[in-house]
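So, here come the structures, one by one.
Shared chain: chain A. Partners: chain B in the first complex, chain C in the second.
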Partner chain A sequence: MIKRLSPWILAGPASLLVLVFLILPVGSTLIATFTDAKGWAAPYATFFNSGFRRTVLYRTIEISLITTVISVILGFIAAYVVAQMPGRLKSIMIIAAVFPLLTGVVVRSFAWLILLGKNGILNSALLSMGIISEPISMLYTEGAVIAAMVYLFVPLMILTLAGVLEGIPKDVVEAATSLGAAPFAVFRQVILPLAMPGLIVGAVLVFTGSFTSYATPQLLGGERQMMMGTLLYQRAMVTFDWTGASTVAAIMVVVTIAIVMLMTRLARRLNPMAG
Partner chain B sequence: MRTTLHPALIVIASIIFIILIAPLFIILGAAVSDTNYLTFPPQGFTMRWFTNIFEISAFRTTAITSLQIAFFGTFLALLIGIPAAYALNRFRIRLPSWLSNVFVLPILVPEIVLGFSLMKSVTINLGLPVFATLMLGHALLVLPYAVRVVGASLASFDFSIEEAAISLGCPPLKTFLTVVLPNISAGVIAAFILAFITSINDVSISLFLTGPGISTLPIQILAHMEQFFDPTIASVSVLLMLLTVGVMAIVEATLGLTFLTK
Partner chain C sequence: MTVSLTLDHITAHYGSTQVLEDLSLAIKAGELVSLLGSSGCGKTTTLRLVAGFLEPTSGTIRLGERDLTRLAAHTRDIGLVFQNYALFPHLSVRDNVAFGLKQRGLGAAERTARANAMLERVGLSSFADRMPAALSGGQKQRVALARALVIEPPLLMFDEPLSNLDAKLRVDMRVEIRRLQRANGTTSLYVTHDQEEAFSISDRVAIMNAGKIMQLDRPEVLYQRPANAFVARFVGFENLIAMSVTAREGEMVTAVTQSGATLQLSQTVFGAIPDRFVLAARPEGLAVAREGEGIPVTLGIRTYLGRAYQYQCATAEGNYLGNGPLTDLMEPGAAAVLIPVPEQCCILPSDA
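Presenting the complex of A and B:
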């Protein structure tokens, strides 16, 4: 009897933690948006009828998409070079990617506050070159948020892709080359399709990470560039509108899970090594 | 995979890596600037911003809270995560296939949603103390590391060694501690390090779970930044980066940094 139950006894405490402290609380947040006194799904009507909140949602989608595209491109180039570097240089490059990754979001966003601030390095540089005559305000713009987010996610992309690219057997690449494929054709027809599953995993991580971020939009976007994360906080802790906050939370959950499921399916279909 | 690299690619990649590291050196410069505002390149040189950290008691207390939460949260996650990982690998056929997906949920659900929900349901409705909720929230956040990283180690473990020990009369718990655990120690160390650093740096879960008198270091940093724009935060950041250096040294010594690309 004990023997039959032992797998459950071993997996039980961890499952219980997830059930009691994740599934139930998050579930109750989601349910709260459907059981509002004003009527079924009324909180969603409130959300989408507010021009401000709609703008926040669209802005969040836009910033996350731009961040994802730039991070994928830069991450791919960097990972491609990492994968082909000799041992020593490769370690240095991996250290350069891991170090920021293990440094907190707050510290990394803060770095961009110094870079883009009124007394920041970018303003000083532009001033000394005579391009501008007085410091310009670069903070609290969409560009500032995107720059910091790309900075946040490129290391993740590099590490995800470096492993995938290293795993591509060199015979495959050599075969294509020896059969007369031009370097670009090798890239487009051999390397890119083989790297596609990793690319999709990385893109999903970047998109969902940007979509649900809080610290970076808070520090570099402020009130003016409010995103879903900062809106959730503002609704919950500044205006104490918990239904409004739960609605933002529910939209975040739905978008995140939809993107993950859609892209996992796509990755499976695009994987040339499968079936 | 090895092909000839176009020089332009090497140049672009080098620029990317420089931009990845440069801002962190800028923080270092800003931390020693003898000005009351954040600036780079530093003007003058001073260590007073570092001593200033220790004069602000909020940094001291929140740093201690952060370390406690990270330690206990990670410890709890490993304590329940390792048996779960073991069960998932050892008894794969006897457990339903969806069970492993349960342990992915903390990654799938946005952290900030989890933090908000924990505040609403657990702190306010259940009345659990803030510290306990904070610790459980962090344990949840890092549970996937415990289950998946340790699970990866277990996947390459040869369970016939364990069976040999048991058939020779070794009790199950002793077998686990003296035969299985030493063989997966690399995974356990990796899980601990990744979990600990994730917990220390977390903002989104702690955001809602800090109350009067209890806060974590990243939340305190955010709060400080909203009021002051002096180099104190830069010096705190330098200390946090030193922690990262320490962690990387441990990873390199135990597993090798290339572990992180797998």
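Presenting the complex of A and C:
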């Protein structure tokens, strides 16, 4: 009897933890969006009927996708270069790449305020070189948000990819070369497919990270470039519209899951072993 | 089409360290030559130079009439088989084999047909749709072999291809490699540190040391008539006895060891004997006897070999290994003599 029950008893505490701190809160958030007095899907109708909120959603998806693509490309190049380096130099480069992660997101976003402001470093430099005649406003644009988020997430990408690229055996690349594959063919037919698992993990991390980001778009995008995180915060903490906030959260979860599934499917087509 | 491979005065460096010193090697069309040596002797470096993964500091590499020396690796048209198989883990067995054909721009239908035919030849037809991870070591190396052969390269190279396989499979595979190599008549370069493997599979073997070829010849010649002390030791002549001639009388030569023991040697057996030379003998080439005309020794540790007893034999100039008969058991500490068995010994030029 005890023997039959023991798995349940052993799994109990952890299950309880998940139930209380994950399933119940998320569940109640979702339930709130379907039990509104105005009808079961009314909060979603309200969301999608608002041009402003739709724009915020599309902007968030757009910024996150662009951030992901740029981070993947930059991260791949950096990780590839790092993976070729000899042992000691490699560890130094990895530490250098990861170093920014040791400071907070807010601090790093502030750094971009100093860089991109009207009297910021970039404007002063361009002015003194005579490339521009008056400061250009770079803050509170999509570009500023993307730049800062790429800067934020490339270390993550490098970290996940460096391991994967290092794991590709050298002789597999040499085998491809000996069979007549030119460098680009080796990259396209061997390295890229074999790096795919790392690319997906990295891309998912970057996408979910930027999709749910709050501090960076808030500081560098302001009201004009509002993203879902800020919208969620406003709904909950400024207008106390808890159902509205729950709706935003639910939409974010659905979009994230949908995009992650899409990425995995895309990756599987390139490498059947991935995902 | 079979062609020869010629390495002409190749010198190579890793950074500032010289790894190959003025190496010349000619492999005839259709011949299989092994590079044999311990790790760090330059055998793998030689293979990588020919493959194009390394560039020589000086010298030329020629495949038939074609100068490979500065050619990009992917244009060299060489079939390579690696120690770790180096299969593409994301491609099926068939696609692995077809990879080289794809690079040559062949259509999908022809690629599949030729890959299937090649898999048939190595006995892996039923595995064509599997992924490499689902194969055993021996099957993986067969796929690697098929992948290298299917592009019909003028040159095949093997980099310790059997090192990761167990003993029984190793013997099967080397027969298989030899069979396929013979059938195609493909000129081949085979790198290994395993003497038995090199001797059994090769037309000729090059024994390498410190970036140089010490001797290149047929296995039988290497085994019985090593040209120098290094090769002699490598093929099991554990006793190298330095001697100098004191008298010559017709065919017979009288020579003494460094500690003064006298031996009579016949030039009809050994060929011309120089004034200073090294007598090389395997343990079975030095018979241990209680008395007789030979090198006086004191017996040390005795080990039982099944066909004979082997004794460590101490002399003033060093220790030798000799074999004694099963019928006469001698105890450690006893005095005895070592009598060279002429057919089992050879004469080497003195190093000094």
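Convention: the second predicted complex is superposed on the first by the 244 of 275 C-alpha atoms of A that agree within 3 Å, B and C clash if a C-alpha of one lies under 4 Å from a C-alpha of the other, contacts with A are read in each partner's own complex, and residues count from 1 in each chain.
In the analysis below, a residue touches a chain if its C-beta (ideal position, glycine included) is under 8 Å from a C-beta of that chain, and two chains touch if they have at least 3 such contacts.
These numbers were taken from a predicted model, which means no experiment stands behind them.
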What is the contact status of A:L179 with respect to chain B (first) and chain C (second): first, second, both, or neither? second
Touched partner set for A:G229, first chain B, second chain C, both or neither: first
Of the two partner chains, chain B (first) and chain C (second), which one does A:L220 touch, if any: first, second, both, or neither? neither
Would you sort A:I191 into first (chain B), second (chain C), both or neither based on which partner it touches? first
Have a look at where A:P169 lands relative to chain B and chain C in the superposition and call it first, second, both or neither. both
Scan A:V81 for contacts with chain B and chain C and give back first, second, both or neither. first
Does the superposition put A:I146 against chain B (first), chain C (second), both, or neither? neither
Between chain B and chain C, whom does A:V154 touch in the aligned arrangement: first, second, both, or neither? first
Decide which partner touches more residues of chain A, taking chain B and chain C as the two options. B
So which bits of chain A does chain B touch that chain C touches too? 169, 172, 177, 183, 186
Write out the stretch or stretches of chain A touching chain B in their complex. 4, 6-8, 10-11, 13-15, 17-19, 21-26, 28-29, 74, 77-78, 80-84, 91, 93-108, 110-115, 117, 119-121, 124, 151, 154-155, 159, 162-163, 165-170, 172-173, 177, 183, 186, 191, 208, 211-215, 218-219, 229, 232-233, 236-237, 242, 245-246, 249, 252-253, 256-257, 260
Touching residues (chain side chain A, partner chain C) in the complex: 169, 171-172, 174-183, 185-186, 189-190, 193-194, 271-274
Provide the residue numbers of chain C that touch chain A in the complex, in ascending order. 51-53, 72-80, 82-84, 86-90, 99-100, 102-104, 131, 144, 147-148, 151
Contact set on chain B toward chain A in their complex: 1-6, 9-10, 12-13, 16-17, 19-21, 23-24, 26-27, 30, 37-41, 79-81, 83-84, 86-88, 90-91, 94-95, 99, 102-103, 105-106, 108-114, 116-122, 136-137, 139-140, 143, 146-147, 197, 200-201, 203-204, 207-208, 218, 221-222, 225, 229, 233-234, 237, 240-241, 244-245, 247-248, 257-258, 260-262
